[in-house]
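Okay, so chain A shows up in both of these, paired with chain B first and chain C after.
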Partner chain A sequence: MDQLWSALSLQIPKIINGALITIVAALIGMALAMIFAIPAGLGRLSRQPAIRGACTFYVEVVRGTPLLLQLFIWYFGVSIVLLTLFNFNADIALYNLLTALNSNNLYNQLPPNIGPAIFFGVIGIAFNYGAYLAEIIRAGVLAVDQGQTEASLTLGLSRFQTMRHIVLPQALRIMIPPITNNFITLVQDTAFLQVLAVPELSLATQGIAQETNSNLIRWEFFVVELAIYFIICYSLALVSQRIERRNASGIRPRRGALAALAFARRPR
Partner chain B sequence: MRNFSRLRSIGISAVLIIIFVFIAMIFIGALDKSQVCAGSKTLAQVEACRAENILAPGNLLSHNWHFIQSTVTAFISGTDSNGIPYHSYFLKGLGLTVEFCFIAMPLAILLGLVLALMSRSKFDILRIPARAFVEFFRNTPLLVQLVAIYTGLAFLPSSFLNPFTAGVATLVLNYGAYECENLRAGIEAIDRGQGEAAATLGLRRVQTLRLIEIPQMIPIVLPPVLNDLIYMYKDSSILSLITIQELTAQTQGLARQHQALAWQFYIIGGIIYLLLSLPLGRLARVVEARIKSLKFNTKLDTTTIAIEVLVAAIVVSIIAGLLVNGFSLSNIGNSLASVFFSIALAIVLTASVAAVLGGIAYLISRLLRLVRGAGKGNRSAGGPPAKESGDGDVAVAAALSSSDL
Partner chain C sequence: MASVEQPPNAATAQVTGLPAGSGSDLMIDVRGLNKYFGERHVLCDIDFPVKRGECVAIIGPSGSGKSTLIRCINYLETPTSGHIAIDGKQLSSDLSAAELSQVRRELGMVFYNFNLFPHKCVLDNITLAPIKVRKIPRAQAEETAHALLAKVGLAEKADAYPNQLSGGQKQRVAIARALAMNPKALLFDEPTSALDPELVSEVLRVMRALAEEGRTMVVVTHEMGFARSVADRVVFIDHGRIVEQGDPEDVFGHPSQERTRAFFERVLHPL
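What follows is the complex of A and B.
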């Protein structure tokens, strides 16, 4: 018991650091994903076939290929293209970004040359989740009763105003639980950043676990790691459930639309 | 007037399409140019390469043509230094990916069925472990589970724990938890009266399940299960982290070995993934739209057919594995043995994880009950005696069994 505790207490700072990187990457990734998702989701509802086609292409291609492959493409492909063509160095970009945010000490805590991995890893995850969220946004907008749109158009509102004041506020309430679910899966998928050597929670713990020879201590680290993930995700899941239950009595989505939402929902 | 507005919308579409195609061409041209630049040796060549204007129509077209041509030739006729064609690597990877999906998914469905029945049981000793198992596997990353099982259990004999069995067992455990939720939703959708009527007619529990409940569940659960199969197809890419040479690993390996063709390989790999996942997704949607209006032949034994389909999937996976490795007596024996060992590993892991987590969850639920009961006792000491409205056990059970995540 003493041995277990001494092994753990030495490594707690590393684990906490990893957990912080996981949480920050998940938050930034989610924000970026929404930036990808909103135009793509609304674009899929556009009347213009070219815009619709382009957005469908993005959503289908990204949803049809694994995240791991996409991360490899971002890190080993896109970053090299940008480096050779525009001399864009993500490490310097990250450094400048953190300087602008007045938090340079954060950069010093990271391992050297990790900039491109974090930069393109987070963008890759956001690009991937943008497609899933776009489907949710589309399904949410479709779930709002058609009569609402017709009524507001009859009252003389423009299509933009209808979207902005009538449809989106109602759609948002339907979209919040599946978006929260996707956030849960995004937190879990930040574990993929370990393939780019970003020292987030799972890679940090793995590194520590592989240093020991004792199976018991190794499992101790895995249990701690899994428990941290479980606490983050399960609390988010409880929040999502509560929102869903509170919303259940609110607006009534159109028939069949909920099935579409369930389809857009990612199982993990 | 009407004609005019139609013409205008066609015109806008045409302009947009041209803009999109132009953007795509610039993107591909930039890829090709960066490959050419990376291939050039001296500094002067690099400078000249960088100075080339990608937006000039001639350059753009030639770069695009070069890129498409090199992608197609790399897939069709390209060979590595040993004379092995590139497409054989991709096909090998695809075979392994399909093998993993088709062996893990049927097992996951069976595990999900067991867990779903357990979590609907009225006995705590069955329900709480099942709920704890499901919530644990749904709320932790698949990647971490895989690494924990593979490196954490490395002390087991290598025939019992190798990359294959660890990968299959992790996929089964993780997806079993998700299938449990799907199947539970399916069971709950069936009218309770059906089960009661069957019981009145004298059917036993197993008979009710086989003859009444499962045939009605299948149309409800088929679309989400197909959907999960697509996710598993993509998620099996993480098996590349435990040295299994499936599609993503092959793509990444080729791209790493042949830097000059890296983008071509990534694009080929992506297209191969899309070739299976897009039709499967379309199929899931068609099934979802159609299946409720289909009339099932009640004389068919749907349950048996479903089990036959699952077994057939496992057989297909074994054959896919043999196609990858080549047919021979020892290969057949090996693959049968590895399937057997992965099923055994999955069962052992499920039982032990469910027991441990169930014990913890049971303890927590009892503790909560104790704490809440004490809190209520304190409150009621001063004021009027409070009515026991809900105890902690029920609250935890409700929290553990709430379905929608």
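What follows is the complex of A and C.
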């Protein structure tokens, strides 16, 4: 036990750093994923065939290809194209972003030249999750009874007002459990960033574990990693429970709505 | 229209795009209306004019096209062909969404399954459209809403949520919600068909009071008592055609068509 603690206390800064990268990457990833998902999900319900087609293309291509491969495309493809065509420096972009988020310390702890990997890695994950979340948004909107839309339109509300005041508030409540599901797997999928050499929680722990020469201690590092992932994900679950309870007033989802949403869940 | 009692503080009917009280005495003018669902011809050459202040009951077997007709009037269903005008304003599928919304806000609609907004309390259900569409200040909209709730006998339910109400109460809130827009006409799509029998009369009484105020109403209904005693005119529809119409006493007392007679026989003497 003493041995473990002394080993841990030496390595704890590295693990904490890794956990911080994981948390920040996941939070930015979630926000960005929703920014992709909301227009894509609503766009798939559009009456304009062009909009519908474009959004369907996005969802199907992203769902139909591996996340790992997509990350390579972003990192080795998109990033190079942007750099050569527009002289876009992802490292500086990341620095500015983290400064804006008051997380400058985090940037200073990163290994050199890792900026583009984090920047495009997080975009890649968000772009991927946006497709799955778009389907949840679409399913949630469809799960709201058509009569709600009719009642709203006959009162003279516009389609936009109907979406904003009537359909989305009811859809959101139905969407919270599957969105939480996806956010939780998103946290765990930030581990994919290690293929781009980002020292997030998994990679950091592996590095430490490999330096250890005691088998007994090595696996305990992984237990620590496991505990950290669990704490992050369980906190998310608790937050979602609170939101669900707060929004509970008056609404009962239509029967069958949740079954429909099962199709939108990300298969693991 | 002088006899119409306006709800207190309701905005006077001032709507851009609609000639206020245009010359014609027809509030709703439906002519040559046809509607197909795929191959099925659900409405055949319907002529259906409704005068200002008139209360018309539409009766007929289920599947006869009654609900489709009333849903065509506010373009929830798009007619396949024909002419519809609301207070002189022509409807067509060429209308922009904004123009359509301007016509719809003048037609209150009450649905058989209420369609109250479950995430909003009763008061917010009623004030939503006046605030968002008519741009009435919230305080004034709420004052109007409380008055309307009192009128339908639910003054104490302003803060309740729809799932805390009985069916009859829900439908009375839905009527208050429609009235809050101070519409020129009210459309009722089988307003009592989803209600337990003992709750039907509380809704019918509210509707009768509205008819007696002189409101223009079109009521699709299976309540023959209401059609006979409250409506100014009864229209019997079968297989998408108007078979017979006229004064309720004449239609109920001496139906001229065999189909009408057979319908009354089944409805009034089911055993």
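To be clear about the criterion, the second predicted complex is superposed on the first by the 233 of 268 C-alpha atoms of A that agree within 3 Å, B and C clash if a C-alpha of one lies under 4 Å from a C-alpha of the other, contacts with A are read in each partner's own complex, and residues count from 1 in each chain.
The rule is simple: a contact is a pair of C-beta atoms (placed from the backbone, for glycine too) under 8 Å apart; a residue touches a chain by one contact, two chains touch by 3 or more.
Given the structure is predicted, the values throughout are model-derived calculations rather than measurements.
Aligning the two structures on chain A places chain B and chain C side by side, free of any clash. In the superposed three-chain arrangement, the CA centre of chain A forms the vertex of an angle with the CA centres of chain B and chain C, and that angle is 100 degrees when rounded to a multiple of 10.
By the touch criterion stated above, A:E244 is placed in contact with chain B alone, chain C being left untouched. In the superposed model, A:Q11 lies in contact with neither chain B nor chain C.
Look at A:F230: by the touch rule set out above, it reaches chain B but stays clear of chain C. After overlaying the two complexes on the shared chain, residue contacts for A:N182 are found with neither chain B nor chain C. Within the superposed three-chain model, A:R159 lies in touch with chain C and out of touch with chain B [touch as defined at top].
Partner contacting the larger number of chain A residues, of chain B and chain C: B.
Of the two partner chains, chain B is the only one that A:E60 touches; chain C does not reach it.
Of the two partner chains placed around the shared chain by superposition, chain B is the only one that A:A50 touches, whereas chain C remains out of contact. Once the two complexes are overlaid on the shared chain, A:A151 sits against chain C while remaining clear of chain B. The overlay of the two complexes leaves chain B and chain C separated by a minimum Cα distance of 6 Å.
When both complexes are aligned on chain A by C-alpha atoms, no chain A residue touches chain B in the first and chain C in the second. If you check the complex, the residues on chain B that touch chain A are 9, 12-13, 16-17, 20, 30-31, 33-34, 37-38, 50, 135-136, 138-145, 147-148, 151-152, 155, 174, 178, 223-224, 227-228, 231, 234-235, 237-238, 240-241, 248, 251-252, 255-256, 262-263, 266, 269-270, 273-274, 277-278, 281, 284-285, 288, 399, 402, 404-405. By the touch criterion stated above, chain C contacts chain A in their complex at residues 74, 76, 97-98, 101-102, 104-105, 107-109, 111, 113, 115-121, 128-129, 132-134, 161-163, 177-178, 181. Interface of chain A with chain B (complex): residues 48-51, 53-54, 60-61, 63-69, 72-73, 76-77, 80-81, 84-85, 177, 181, 184, 188-189, 191-192, 194-195, 202, 206, 209-210, 215, 218-219, 222, 225-226, 229-230, 233-234, 237-238, 240-241, 244, 259, 262-263, 266-268. Those residues of chain A whose C-beta lies close enough to touch chain C in the complex are 145, 147-148, 150-159, 161, 165-166, 169-170, 173, 247, 249-252.
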